[in-house]
Amino acid sequence: MAINFGSDNVTPACDAVMRAVNAANSGTAVSYGGDELTAQLTRRASELFETEVAIYPVTTGTAANALALSQLAAPFGAIYCYEAAHIVTDECGAPEFFTGGAKLIGLPAADGKITPAQLIHALSIAEDMGVHHVKPAAISITQATEWGTVYGNDEVATLAGLAKERGLRLHMDGARFANALVHLQCSAAEATWKSGIDVLSLGATKNGALCAEAVVFFDLSLAADFERRRKRAGHLWSKMRFLSAQLLAYLGEDVWLQNARHANAMAQALAQGLRSVSAAHVLHPVQANEIFVELPRSAVEALESAAFKFYRWPLYQSDRGIAIRLVTSYMTQESDVEAFIVAARRASGV
Amino acid sequence: MAINFGSDNVTPACDAVMRAVNAANSGTAVSYGGDELTAQLTRRASELFETEVAIYPVTTGTAANALALSQLAAPFGAIYCYEAAHIVTDECGAPEFFTGGAKLIGLPAADGKITPAQLIHALSIAEDMGVHHVKPAAISITQATEWGTVYGNDEVATLAGLAKERGLRLHMDGARFANALVHLQCSAAEATWKSGIDVLSLGATKNGALCAEAVVFFDLSLAADFERRRKRAGHLWSKMRFLSAQLLAYLGEDVWLQNARHANAMAQALAQGLRSVSAAHVLHPVQANEIFVELPRSAVEALESAAFKFYRWPLYQSDRGIAIRLVTSYMTQESDVEAFIVAARRASGV
Amino acid sequence: MAINFGSDNVTPACDAVMRAVNAANSGTAVSYGGDELTAQLTRRASELFETEVAIYPVTTGTAANALALSQLAAPFGAIYCYEAAHIVTDECGAPEFFTGGAKLIGLPAADGKITPAQLIHALSIAEDMGVHHVKPAAISITQATEWGTVYGNDEVATLAGLAKERGLRLHMDGARFANALVHLQCSAAEATWKSGIDVLSLGATKNGALCAEAVVFFDLSLAADFERRRKRAGHLWSKMRFLSAQLLAYLGEDVWLQNARHANAMAQALAQGLRSVSAAHVLHPVQANEIFVELPRSAVEALESAAFKFYRWPLYQSDRGIAIRLVTSYMTQESDVEAFIVAARRASGV
Amino acid sequence: MAINFGSDNVTPACDAVMRAVNAANSGTAVSYGGDELTAQLTRRASELFETEVAIYPVTTGTAANALALSQLAAPFGAIYCYEAAHIVTDECGAPEFFTGGAKLIGLPAADGKITPAQLIHALSIAEDMGVHHVKPAAISITQATEWGTVYGNDEVATLAGLAKERGLRLHMDGARFANALVHLQCSAAEATWKSGIDVLSLGATKNGALCAEAVVFFDLSLAADFERRRKRAGHLWSKMRFLSAQLLAYLGEDVWLQNARHANAMAQALAQGLRSVSAAHVLHPVQANEIFVELPRSAVEALESAAFKFYRWPLYQSDRGIAIRLVTSYMTQESDVEAFIVAARRASGV
């Protein structure tokens, strides 16, 4: 089997999650989220986040993000984010669909992290233009970012302060939230509402679930009518227990952090190895489980021929070579990492 | 545990489906539907329907219906259906959301089945009103219907002929398609495209799957861009293999029909028993796995007290009593049926 | 020239309105509603309605209704109205478009007036069905109604009380508000907010304007962000002075009521004359400027041949004959009325 | 009265247009566009563009653009344009609203003109990303551009060739089309369909109309169902004759070109004068009726104090001073231009 650094979503579900799904498959249960496991999930999430939260399981990260944003921005609203954020480039317009037409205003960002100065400038344009401009409504940040970096809690808090001052809401796309949390070495509460996050898209699929993500509201007033939005988007499962069971297993007993710790460690090993390859340029700080590395075109082609799986990254352009993205996961083996480094060195002709 | 006739979606997944999900949980797989199981599913569905189909797995019946209809009706389109169809009353506006605002035009219907005469009248109004009226685009029928009845293939073909003549498309909401098929004793092809159906929402969740439905196109040109619609609705699973695995198991080796046969047989037994209770009035022909029965208020209350689960049906009003809905499933036991009949007789004081 | 009872919108603009438009065409003016005439309009409307209102001019009744409703109902909301209300049958889905998919729930209504009992029943269904059902959000009534009748202020107040009790908002489609007001012989305040109306679509085009309608909010909090909605719908004129000028002339110095008084008087004369034709059946109380009358098919055909303009009414079906709609306007001449009555009598062979 | 270079939309309607509106105000006319003037308009536009066109009058440029784009791009579509195009920055999300959520993909552009190379790169990203990316659907260019420059017909044709090759449609936002045409010194046909334009938003309001724009389709198949879109957006006037009358007068007998010639000539005079002011930097080629000029902050403040009307331009940032926009119109007087140049020289302290 090919060694696969293509994405963390090529993995199966981890044992703990799969056991929970099987265990949930017994007897009748109230449908549409009235079951016991779903109630337990809310209790567990509230415990974990150290505050009362509203948590709504859904199936995909796109659904989580788009539903979350639709609670924050009116159809005539503006959502500020990184110009190559997942919500901008990878969701086929889902945020626009779910919000009824809100506009994502993309900001350039070194290492994928947007800054207060950019936002202040963008907001001043909106203010100048009045009703001709969409109404500033929310900021969305990705944690870990699209470039495998992680916002510090202080950076999040600064954005949150600005958001609060201007009457905006702050959303976190946490498709790889566990990987960020492991890097930050802080509590889930500190990484979210204690830093000013209003709503979190909490990913699990990439890190060991079968098909589970969740929208977590820390400001419960923002969750009003969320259930109707989820229903009309076709994201209210009748047999919800199977979705809640995954998240309960994932968030229970450290499964999510164990999985993420492993993925992050493999990413560190991979980055360290690649830094020793002189033709390779690791492009951003490696803080989660994604590595972007620039290699000579011939090296990239050789690695592809050797059946390693990874993506050439279309958003990065350079004269020196080709940027590829490598993603590690809870399934990545040390031997996979070593094999790739050896092959990369050979392919670079060094 | 209470005997539960509340819905067929309170059931767990059946063994065949669950085994398939576990079997799929091995090794890496191409994400977003590029996996082998998804390819197999298309082949299996094409074999089953005796023609090349495009089949797209999704998670809920609401998603299947709303996505299907969004391919058929423009935002300024009209979709004709039974006035109490699931798409009208139970999906919190999903068809309006996915189509961008198309209008469901509800027609009254004895036993839940709409007729050509009604459609012809409704279409003549549309024609008279020109651009002031939404544009006739599609007809949607439910099979089995919301009242547990089943359209004959000839009835479907007549509606299809009218649709074709007027340039409309014909959609079938087959949330309980297997139950209808068992009643019709015909092939899946005869019950669909051979009778003129353009697109089918094929249900599996109620009849033994964990969380699997599918949109099946018989006219492949109607499937254009469907994948983008699914993606932007957040219904494209990254680990699609787990969804395709369910449908493969469900449609393979007669699982779906066995499950439906059992559910239908239990419904027949239940109906027969209730017809022997003089205070009970079975309201519609029982042709699938739903029974609507009118009982004196005191009897309904007694049955509820006895911990039987079922719903009082809000859309039915009568002076004589209360209508309740009983749904059987692949899990219903003969002893459940008998217990209910005995209790109903006792509760009716006969 | 044919005598035209087809609609009140076949008329030109009245002299007062046209003079005002010409007068406004002088020198530069701040664009997008920052001009002096628009400010005057708000003052005049507030004086007229005896309370501070927010008034937003738009070009068509469809825009006024759909924009108003989009402030009241979320995309997952329900708007209760008469089943053949203009917003249901004549606006090509504009309310669905502007609200992002809200559902119009049509209720049958004698003489076009919906009742509290119907609403209470419809709301109880919504409550039973929870998140599966769109969320009750607003009631919309048409004044004068689609059948030329007029709600009494007490009837409006009763609906408003119910709305308030259930947390719904009450919208009035006043495409022919002036005609209703003349019938009610009360103040504009009494006919609206004093009877519990939250938002009024105030028509002027049918009653003498060139192209002017307005959305009037009596609860100013409901007007939040309305300007952005209007802008993104393409309904914010750059040269707004020309729209405000029409409404100022219309609402100033009794023009609107004089025009409506004439139209209503002509309708009374027409109805009275037709009641003397034995083959004619006037179908509803004639309280504004629309008359629905059933005539033998041969009579209708004869009148059409005689070059009278009117519409056969598609929503009315009868075995006895054909229903036609006759609309009078500020331009209708007594001689037109007399000519029609003479012709109708002759055509009926009496 | 202040000398007003704020915008060309602060002007009144020109005499020819106003006479036509008054002339149209006579007798009854078929409503909703069935009138004689509307039919004449189609004939006149077809003559002018030297081909059979479908022309639909609407009230605002925002409506024209958003309606046109909604015919070209599905809700999951991508529309490529200049990153600061009017449709991106000034229409409060109207294109997203009318298309049901399509994404405007903004490209940077010197002088406001996008290039084939940029498009080719953007399209290659879309292709790489498949269903995760919105579907390339259309290109929209502004003529004259937002910076007062004009695409050459050869530049348009090159973009059109690329569009055709890739299956995209080409839209022109011609809010100031007449000004561009005067600059190009070619026929309306050459500037549009002969250069590959599929749909034109034809502006008239800024150049002498009261409230009239039009959507002009050169490929008639693209106009299918346009009337329903216009109706449901509330942009179908009942008294359409008043809208068609404006456009007929505007496009008849050279009125539009005379008005634009004057505005362009005034812009040339203003630019020439400002180029003689050493502290002033004219920022782009002046090819239509807009001038962007950078001045020292103190000079801008002095000009504002002197009651000249113009806008500071928020999208332009510089260390040297402030950019202002000056717009000339058919009403601009030579003496206005001279007064401004004198004042600018004095304010710059030269």
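As written, the chain order gives the labels A, B, C and D, with residue 1 at the start of each chain.
Heads up, the rule we're going with is that contacts are C-beta pairs under 8 Å (C-beta built on N, C-alpha and C of every residue); 3 or more make two chains touch, one makes a residue touch a chain.
Quantities reported herein were computed from a predicted structural model and do not represent experimental measurements.
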Practice item. Starting at chain A, find the fewest moves between touching chains needed to arrive at chain C. Key: 1
Review point. Farthest from chain B in C-alpha centre terms, which chain would that be?
Key: D
Check your understanding: Between chain pairs A-B and B-D, which one is joined by a greater number of C-beta pairs in contact?
Key -> A-B
Revision key, fill the gap. Distance in whole angstrom between the CA centres of chain A and chain B is 35
Revision key, fill the gap. For the pair chain A and chain D, the C-alpha centroid-to-centroid distance in angstrom is 41
Point to revise | Whole-Å gap between the CA centroids of chain B and chain D | key: 50
**Study point:** Multi-chain contact sites of chain C, meaning residues that touch two or more partners
**Key:** 75-76, 91-93, 97, 100-101, 131-132, 134, 228, 231-232, 236
Point to revise | Residue ranges of chain D touching chain A (in the complex, touch as defined) | key: 75-76, 89-93, 96-97, 100-104, 124-125, 128-129, 131-134, 314-315
Review point. What does chain A use to touch chain C in their complex?
Key: 32, 74-76, 100-101, 131-132, 134-135, 225, 227-229, 231-232, 236
Check your understanding: Which positions of chain C touch chain D when the two form their complex?
Key -> 1-2, 4, 6-7, 9-13, 18, 21-22, 24-31, 58-64, 66-67, 91-94, 97-98, 205-206, 210-211, 228, 231-239, 242-243, 331
